[in-house]
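There are structures below to look over.
Look for chain A in each of the two complexes below; its partner is chain B in the first and chain C in the second.
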Partner chain A sequence: MTVGAPASRPRVELAAVRALAPPLLAVLLAFAVTGVLIVAAGKNPVLAYWSLAHGAFGSWDRIAVGLNRATPYALTGVGIALCFRARVINIGGEGQLALGGLAATWVALHMVPAPRPVATLFALGGGVLAGAAWAGLAAGIRLKRGVHEVLATLLLNFVGLLIVSEALQGDLGEPGAGFPQSPLLPNASWLGRLVAGTDLHVGVLIALAAVAVAHVALWRTPFGFRLRILGASAPAAAYAGISPARALVSVMLLSGGLAGLAGAIEVLGVHYRLIDGFAHGFGFNAVAIALLGGLNPLAVLPAGLFFGFLETGAVAMQRAVGVPTPLVAVIQGLTMVFVLSAMGLTAGRRRV
Partner chain B sequence: MLRMLGITKSYGAVRANRGIDLVVPPRTILGLLGENGSGKTTLMNVLFGLVSPDAGTIVFNDHPLAGHTPREALAAGIGMIHQHFMLVPAMTVTENVMLGWDAAGRWLRPAAVAERIRAASHTYGLDLEPDARVGALPLGGQQRVEIVKAILRGAELLILDEPTSSLSPPEVSGLLHVLRRLRDEGRSVIFISHKLGEVLDVCDEVVVLRDGAVAGRTRASDTDRAKLARMMVDRDVSAPVAREGGAAGAERLVVADLAANDATGVERLGGVSFSVRSGEVLAVAGVDGNGQAELVDVIAGLRRPTRGHVFVDGADVTGRGVTGRRQAGLAHVPADRHTTGLVADMTVTENLAFRDCDGPPFRRGPWLDFGAMRAAASERIARFAIRVGGPDVPARTLSGGNQQKLVLARELTRHPRVLVAAQPTRGLDPGATRFVIDEVLALRASGGAVLYVSTELEEALIVADRIAVMYRGRFAGVVRRDAVDITRLGLMMSGALTESPDAAALYGRKAP
Partner chain C sequence: MTEFLAATVRIATPLVFTALGGILSERAGVFAVGLEGMMLAGAFAGVITAFLSGSMAAGVAASVLGGAAMAALVAVATTRFRAEQMVTGLAVNILALGLTSFLLRGLLGRGEAPTIRVSPLSPLPVPGLASVPVIGPLLFRQPVLTYLALAAAVAVFVFLMRTRSGLTLRAVGENPAAVFAGGVDPLRVRMLAVTCGGALAGVGGAVLSLQQVGTFTDAMTNGRGYLALAAIIVGRWMPFGTLLACLLFGAADALQLRVQGLRLPVSSYVIQMTPYVVSLAMLAGFGRTAQLPAAIGTAFARDRPS
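Coming up: the complex of A and B.
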């Protein structure tokens, strides 16, 4: 029985290929089926996809926009992946993200003037705390009142979005803007640019770091080990002395914090102000991304990039070919259906 | 009736079946024996169509079977009863039998099916009531539901993979009786068991596997335990167990008036008090389901008692969780290895560490030390002779007995002060059983206290210094090793005799 790393390496690579194949195939299939729909709509699918690709990757600017777009997806998706690993079904990403943006805005507008990195860090920290608190509230409702976290997080989404609207109608709104949005945030709180001359902000690096940390936490620490045991077998977790309540609270706080961070980054790096509805769609897409990534933090990254670039390319596709943007939602939806089917087929072979 | 020729199946580097020939004549009970991991379950999975072989042919009743599914195997007349019953507890016997049964017709006819169950139950002595709720039946009864399901679906050959490992002795003799009736009615049975006594008792022929190949076949009447054991393993496992007399020391595990309810609020444990001393083994015997599981769970911290206390080395651990108790020196081998003792989808390495990842050596600072985990795993695999491709394969791929060894390896190598073991030798072959008994006795000799729950009286008599018999959640009696009387123990198990034991029997050497 040799345990040497060299002997086991080829097998590991094979396993990686096997894990990658289903999502890639699913994506290809989704594009193929959507291509048929485009033909049915009387448009040229090759042209449509070319303009989609061009819109996504056609220039440094476009790539920057796609990366920016993928950032909140990866952040929120990675937190949700950790939750799902422990069988904690957190679908409250949207509300947590929205409140993160709200808190970051509030901090940026109300804190004493400070130089750039300090002001930005405080605003980001506010976002993290607000997101974590919102998720923690759902965890508390679950533990104290026995309301399942699916319901608690879902309902808190609505409440969270309404709180943001309410704040923009009131104190936080920009007077006379005609649209529910906050005033422009002070320049010192903005996220720095990563590449001068493009929109690319340093949030991308934060997302990369978060993904790496989540990966290490899941596979290399006792905390992640406990989450995985809990997700694999509740009786075994009890036997291992793992407290499901403590695990629920910690993983919810973590993923809420990540979603809140994503919201703060959207506000501080993209819009520079809080806009009503800015969080729309992020929460549920993040669930899809977590699943597309097979609940593996590292794989959530490409999944997030896929969704980000798909959406930025879609705008160009619509302009060039007249294919309606909702077709992109069709691609996303079909990818999910195919990926979940593939996961069903390979169920039991996935590493927990 | 059945001919399997040259069956070969490999899992990666593991050659589970290597050219096995198996012939089952009509009207025969064939015993399939072999050490843990010798390929018995794999061979039966091939026969039933759950696993496709790399090579080999199967002919059943003159029809070739190749690339078949379990459904086709059933249609051909082969029935398999898995160790984990595939029954819906909330449904009645009749409903369970009708479930997924094509021949039951498009319309459900419960009355007609119930009638057939009654008839089969009468013919084969199954003693089943068609309207009984399956969840309320004892394990032996649920097993008979599986048997009647297979019979009514037309199984002429019945495969039973370790059917007796979780049955109590009276249930076992009931099952063996049913098997004989099945044979007398013209069916054949393949019976897998590690208990040589049962095999010799019920089987007509015996086939022994070793390392995935046939090591021998014989008529049951031409052989005996020693010969079979030699066929299974090369080494001799019949040497008498070495038991040092060592005097028992201080009380390590003390249980005071412990009571507990089950999930529905029914009292299952009705106030039990005893102690186990350092250097002592207290065996808990009795028919399964008399509160042993609850007793073990409450001591281990998996279930809250309704009253009473548990002390480990003088410290009251009643209020502590599983981790606190483990840190106090308590090890626990749970009765259910599949979902509690193991995480089937995790690797052997992870399974050998998952109860100890909160401190050194497996945790270093904020990190899990996979190097240390893997080293420990390799060492335990070697010491416990766990048959496995390596420390990184999922526990799911191990044979049943080897999964049990995994649990034991984790709990025993921690050098616990107190070991609470529920059916620790379930599913183990005679050699491995012997190994576990030796390990338990070694723990005893080094000053550990062991609570050993077993439905096997024979085994309890080998390991125990005192034997307690549980009946309906209470101790029907506690007997010291030197005063054991089998008849009395039997009466206690059936509830016909209750003795209030003296303090010396309850608390070891002297009254506290």
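Coming up: the complex of A and C.
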């Protein structure tokens, strides 16, 4: 009956198309460019991509592995998305995740014997605290010493990764293992299986919950509103009396905690021990995932799944068609460049 | 001791080229996080070309092109498309890692990584000077790229500080709108600076692949691009300061390799942390009057120059 309804619906649809188009185009473009590379390597790209999809979704086991792989991506990506929303460029996921895994390992190995959910929860909590502390350190350096958080988080990554190596060489290492890794963690601290007979662990549910909470926090709470205003216009935020310092600290602690949780889940749910280099690539890829999801928590979930399944499918692709797995990094890197370019072009025209 | 100093110079050489390239980029206002990828592309292009053509000169030339090609991608994305500079750099690092490993297997190895071998560039003694004790073997009995690294530091210094183009480049990094008002396109300057910086980083990669090991292995730069980034910070965005920082990091790394023999009270990992911790401390020490180029990290749009 009203004039408003039909007039507003196309606008909503248009907004949805506008939001979805850049990441989808970026992914398609990346696949097209890598398709050319596959042809150059003398292989059939259609066959390669088909075997990639088959490797990712071909069996329940493969799907379980893909979901496990996507879990740390979604958790870390969601935290980074919240940061970027407030124009806090946190690229320290790599170090935060590594230290989360380290702390979870330390707690699991040193705590008094406890039954399963308790031991697991304490270990996960240790991971959250360590990740948050590492991000908080970067936030502190930013606020107290004026070092841009992008440099602080980047540099702290390498320190964090080396702390893990150092710990594995020292107290936490398994003597005589021949590889820098911790001893197997006590069974009580392991994350439970979600589906018996597959590798799928409970961490997937934690990631889902985190995404839902982040969505509500960003769009339905004063905290999220402050982040969005800060990201849209710093002068407007100042006029509204929003403290950028407090927002910076809280969003950094939050995203660091999520990255630390991801690291803890990787240790307690996949490896059952701390392995040197286990965090490799997670933190940087999570930045790509946050961007691919348009800095929107709900959209980070499919973006994380995309990366997770891409990586598990690539192994099958290499086996079936002989297209080497590093192709995945090419797709990831290109997607990232394309999304960033699209975002740069449309920056300043986004709505709060 | 001579051996330790020689190791210092050897480890520092690839960093010097890469960091000098990064200075060009950052002085023009574009963060050089992509150095790692540019370096890796240079290392790959260099050794593959030398392997296929049999010419080391062609290899070095290809490493220039490889690094520049990666940098051109960063240049276009960060200037024409105003993409976030730091994250674009990360993206290029991921891309270069995948691309080099893929091309190695897909194009050259039919699926498996092939064996690439070239005999590394051999030392080129400077007649007379090379026989001076201590300094001789250290400074005058080095492969050609090590001499070039020193020359590059001088060249970048002269260009940045003593030429009109260098002044324009630095002005773009401080205040692109003013340069625009002066009739020069800041985006063009940035694209050139980033691409030339990538070319230098590519040679940094060639030092590794052509001069030091004579082959290509996956991810062989192993974080050296980020180390170069730290060297720029410690060197306060000045060519000679950065050269010193590279030597300092080289010394730290050389020390780290000898840590077990020397029975130092710290582990090798703690020593490996020092470049990053020192950079952070330097940045924190500068405080709010950091020496970063004022307009670094910001995009410039011609239609709204402010």
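Assume the second predicted complex is superposed on the first by the 330 of 352 C-alpha atoms of A that agree within 3 Å, B and C clash if a C-alpha of one lies under 4 Å from a C-alpha of the other, contacts with A are read in each partner's own complex, and residues count from 1 in each chain.
Following the convention adopted for this analysis, a contact is a pair of C-beta atoms (placed from the backbone, for glycine too) under 8 Å apart; a residue touches a chain by one contact, two chains touch by 3 or more.
These numbers come from a predicted model, not from an experiment.
When the shared chain is aligned, chain B comes close enough to touch A:241, but chain C does not. Contacts of A:114 after superposition on the shared chain: neither chain B nor chain C is touched. Contacts of A:233 after superposition on the shared chain: chain B is touched, whereas chain C is not. Applying the stated contact rule after C-alpha superposition, one finds that A:154 touches chain C and leaves chain B untouched. Partner contacting the larger number of chain A residues, of chain B and chain C: C. In the superposition on chain A, A:188 contacts neither chain B nor chain C. Those residues of chain B that touch chain A in the complex are listed here as 300-302, 321-323, 326, 332, 334, 336, 339-346, 350, 354-355, 357-358, 363, 366-368, 370, 374, 378, 381-382, 388-392, 396. Chain contact summary for the complex, chain C toward chain A: residues 31, 33, 73, 77-78, 81-84, 86-88, 90-103, 105-107, 110-111, 218, 223, 226, 229-230, 233, 267, 269-270, 272-273, 276-277, 279-280, 283-288, 290, 292, 297, 299.
Within the complex formed with chain C, the chain A residues making contact are 37-38, 40-43, 89, 91, 141, 144-148, 150-152, 154-156, 158-159, 162-163, 165-166, 169-170, 281, 284-285, 287-288, 291, 318, 322-324, 326-334, 336-337, 340-345, 347. Chain contact summary for the complex, chain A toward chain B: residues 1-3, 8, 220-222, 225-226, 228-229, 232-233, 235-236, 238-241, 243, 348, 350-352.
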